[in-house]
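Letters A, B and C mark the chains as written, and numbering starts fresh at 1 in each.
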Amino acid sequence: MTDTSTQRTGDFKNALLRAGLYAMLILFALYYLMPLFVMLVTSLKSLDEIRTGSLLGLPRDVDFSAWGKAWSGACTGVQCEGLRPYFWNSVLIAVPAVLISTFLGAMNGYVISQWHFKGSNMIFALLLFGCFIPFQVILLPMAIMLGKMKIAGTISGLIFVHVIYGLGFTTLFFRNYYITIPVELVKAAKVDGAGFFRIFWSIFVPLSAPIVVVTVIWQFTQIWNDFLFGVSFSQAGTQPITVALNNIVNSTTGVKEYNVDMAAAIIAALPTLLVYVVAGKYFIRGLTAGSVKG
Amino acid sequence: MLKKTILAATVALTAGAVWAEPQAEVLHWWTSGGEAKSVAVLMEEFAGRGGTWTDMPVAGGGGDAAMTALRARVLSGNAPTAVQLKGPAIQEWYEEGVLANINAVGVEQNWDELLPTAIADHMKCDGEYCAAPVNVHRVNWMWGNAQVLADAGLEMPTTWAEFNAAAEKLQGMGITPLAHGGQAWQDATMFESIAVGLGGAEFFQAAFVDLDEATLTSDTMVAVFDQLRTLRGFVDDDFSGRDWNLATAMVMNGEAAFQIMGDWAKGEFMAAGLEPGKDFLCAPTPGGGYLYNVDSFAMFSVEGDDKIAGQNLLAELIMGENFQEVFNLNKGSIPARLDVALDSFDYCARRSGYDMDVASGNGSLMPSYAHGMALRGAQAGAITDTVTAFFNSDMSSADAVAALATAVKNSM
Amino acid sequence: MEWLQRHMPKMVLAPSFFAVLLFVYGFIAWTAYVSFTRSRLLPKYEIEGVIQYERLFESPRWEVAITNLAIFGILFIGIAMILGLLLAILLDQKIRTEGALRTIYLYPMALSFIVTGTAWKWILNPGLGIEAVVKDMGWESFEFDWLTDPDMAIYTVVIAGVWQSSGFVMALFLAGLRSVDEEIIRAAMVDGVSTARIYRSIIIPSMAPIFMSALIVLSHLAIKSFDLVIALTGGGPGYATDLPATYMYAMAFSRGDLGQAASSATVMMMVVVAIIVPYLYSELRTRRD
């Protein structure tokens, strides 16, 4: 412990700097938390209190009834079963679509980064460009195609659409990750007589955990939150949760139950929130592991 | 027992139909509590007659999201059985060759006699029924807070000049004269109510049905925009983007005195336990006229006897006296059928029914353009674009009529 | 077998290639084709010339939409980048609660605007949200009414957009900061170089590729921004916050004016091409070296 006065002013200055740093971080945190906070407190208030109280005020009496109603009692049309049935539709759509698009993205990324052939970069460019088309553009031709393929209005149809339009990003992620794996490794394996799939399974798959996490989080968020495809390519019985949420929240007639709206919104967001909270750490790690070095 | 079955089968066969359990997948955007309850009435009747109802609700944007879904469904060759559809959009879909014909039901049930001619025409494609009407909303209503008006010593104004004077007085007392939600369709609702009040039915017809350019740029139209500009001064500062039911709430709790909105607003008052005539007042917008907005269901071409049976049954039930009465009691509108007694309805609805009769008699029953009854989407949208741009800027009325004519021409 | 082994990479890539060819490029071509027709409710296939483009460029609403895309795009990308970088640098100072803060900054990315739209609408509404709360606290003259001001409303869309995406940018930059070679930094510190200088002249320049990635992700979000506007302003006041994506949607689905929608989509696609193709070109060129 040195004890000179200059050192002490330095410490003081440092402490002040740290305090300022924390203050800034907390200020930003408030900005990010505000909407969630508003949603949460509103969902716990009674309708009367919402009408009379302040937007940011804490609920006087915490009331969970809106949550129960949003989950299993709110009307999304003639049926008043809440979000529950739609929640499972979303799971049935999101899980296979995420798995398939991640797998295809890994294979594509593997080929593009390690098995160059004439035109492979061109194909990558074509795939990547597909990420940027506004989805409204492809709604109608896609509807015609789904009809021709006889999967219009089905869960498989929705999975198919999500896989197709997820390919660009999943391929990008895996390609940028695999490109950091030295070509020499593959060359050596080839010399040892390992084939295309052997190399993939024994060298690339074991290394892929970080990027799989990134891809799965990204895809799951995109697919779970999708509304446009959900509303266009579903029919009664296959509608995803975002469509049901929209039916609850965006009904403009009748008495609006804002607490139910907000509870429904949070329920619909829970799976993705959970993924971010639980896997957020691995997400950053996955990004650090090289996916962003492209 | 067996005899009965055979008998039933024979009857069915001689009636020319193979018996099939009626099926219907119904696409609609009536998702709010009250509306959903109203549709549930139909569903129960449908089930009571042995049918299976599959519900396909899509809310949002006054049916925009539902129309997105509909287009995708039709293009993929997987059209829903029945769709909530209204106004010229029915004929537009018919021209695409995707609607089914329910004329047999219409003729058998004598719809021509039961419906006002103007409304029956909306339900017909090339002279044959292809849709069934559910209700008649009057669009040009004005709602007032009885207490606020009494305190100010005011009555419901019957001319726009009276309205302006009343509004200025209220403003002086610190009350927002007009509750309004700044969404394009609400701006348009106000605009067309002014137009029919200031210009009358003939002017309205020429401007918003025939799209006559001279009328669109006439002095009367300038006056209509002038009045809209005046109304802009009577709304509060936070009106932008506000949902209409929140504007209604402002009238309910005395924050504002008036609202110009169709009779679905009545449902909000009623739901809050308020009584028409006592707690809140209703009157046609100043200058009068009758603008209607008719909700209806169109049937789409589908395959399968069960679905076709479902369509016919649905059409029959929609026009049934019981459904028309129960549904409209819930929704604030009046039955499309003229022969349903309005005794159990409130006085605003009875007034609406009476006015409709009179207007239907003298040919002044006008379709609401703002609610998609008068024009096709592109033209109606072009007019609304101009109106809402005018209302949310300091554009002059002269510029507005010029922009209106250009926009309409550009939308063709 | 030998042949199979040699062509395996192509065969693996083939399904994705053909799928994208049809479902992306085929559909773009379809849309471009429809933009030359007079399709209304449903597509028609008789070519009618460039009428839809004439209508498009005469529409004052389209002009607003394009201007808004420029304003929104530049501000959204710029602010999200700066904020993301700032947050990443702040978080990189060995912050004790880093994990929690990171999650807080990142979570908006998990939510769709169908979920958060209503909350944002309330917060930005002068009568309900921030303005009302601040006024209640005694600051009577406080004003924050951008949402209801046609000239300012587009900036509220920027605020909400930045809220949603800057956390993701922060994550990208944080990942970048963490992958800079520790040795170089330590060496610089030993030499007495200030922290600010280290960031300015060593760390940030080494993250150039990450700026590129962030730029791409953000411009993709900016171009596709749709739910954001629909949920927050519905395009209003008037049509002051319309963007090309909402314009196109309105024409195609609420107006039954498919030809017009297709022409606006085609123009949008050309904007995308103008932005993305140079990037792809440079990206793939450097890669080959």
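Keep this in mind: a contact is a pair of C-beta atoms (placed from the backbone, for glycine too) under 8 Å apart; a residue touches a chain by one contact, two chains touch by 3 or more.
These numbers come from a predicted model, not from an experiment.
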**Message:** Using the definition of touching given at the top, classify the network of chains in this structure as line, ring, star, complete or other.
**Reply:** complete
**Interface with more contacting C-beta pairs, comparing A-B to A-C** = A-C
**Item:** Distance between chain centroids, defined by C-alpha means - chain B, chain C (Å)
**Value:** 38
**Item:** Inter-chain centre distance, chain A versus chain B - centres from mean C-alpha coordinates, in Å
**Value:** 39
**Request:** Please work out the Cα centroid separation of chain A and chain C, and write it as a whole number of Å.
**Result:** 15
**chain A residues counted as touching two or more neighbouring chains** = 139-140, 142, 228, 246
**Asked** In chain B, what residues contact two or more other chains?
**Response** 61, 68, 71, 75
**Prompt:** Which chain C residues reach two or more other chains?
**Reply:** 43, 128, 249, 252
**Fill in**
Contacts from chain C onto chain A in the complex sit at residues 5, 8-10, 12-13, 15-17, 19-28, 30-31, 43, 87, 90-91, 93, 95, 99, 101-112, 114-116, 118-120, 122-123, 128-129, 132-133, 136, 163, 167, 171-172, 174-176, 178-179, 209-210, 212-213, 219-220, 223-224, 226-227, 244-245, 248-249, 252, 258, 261, 265, 268-269, 272, 276-277, 280, 283-284, 287-288
**Prompt:** For the complex, which residues does chain C have touching chain B?
**Reply:** 40-43, 55, 58-61, 121, 125-128, 145, 147-150, 153, 230, 233-240, 249-257, 260
**Complete:** Note: in the complex, chain B contacts chain C through residues 61, 63-64, 67-68, 71, 74-75, 89, 92-93, 95-96, 98, 182-184, 187, 236-241, 376-378, 380-381, 385, 388-389, 391-393, 403, 406-407, 410-411
**Prompt:** Okay, in this complex, where on chain A does chain C touch?
**Reply:** 21-22, 24-25, 28-29, 31-36, 38-39, 42, 54-56, 104, 107-108, 110-112, 115, 117, 120-121, 123-142, 145, 164-165, 167-168, 171, 179, 195-197, 221, 225-228, 242, 245-246, 249, 258, 261-262, 265-266, 268-269, 272-273, 275-277, 280-281, 283-284, 287-288, 290-294
**Message:** List the residues on chain B that touch chain A in their complex, please.
**Reply:** 25, 28, 30-36, 39-40, 43, 53-62, 65, 68-69, 71-73, 75-78, 80, 243-245, 264, 267-268, 271-272
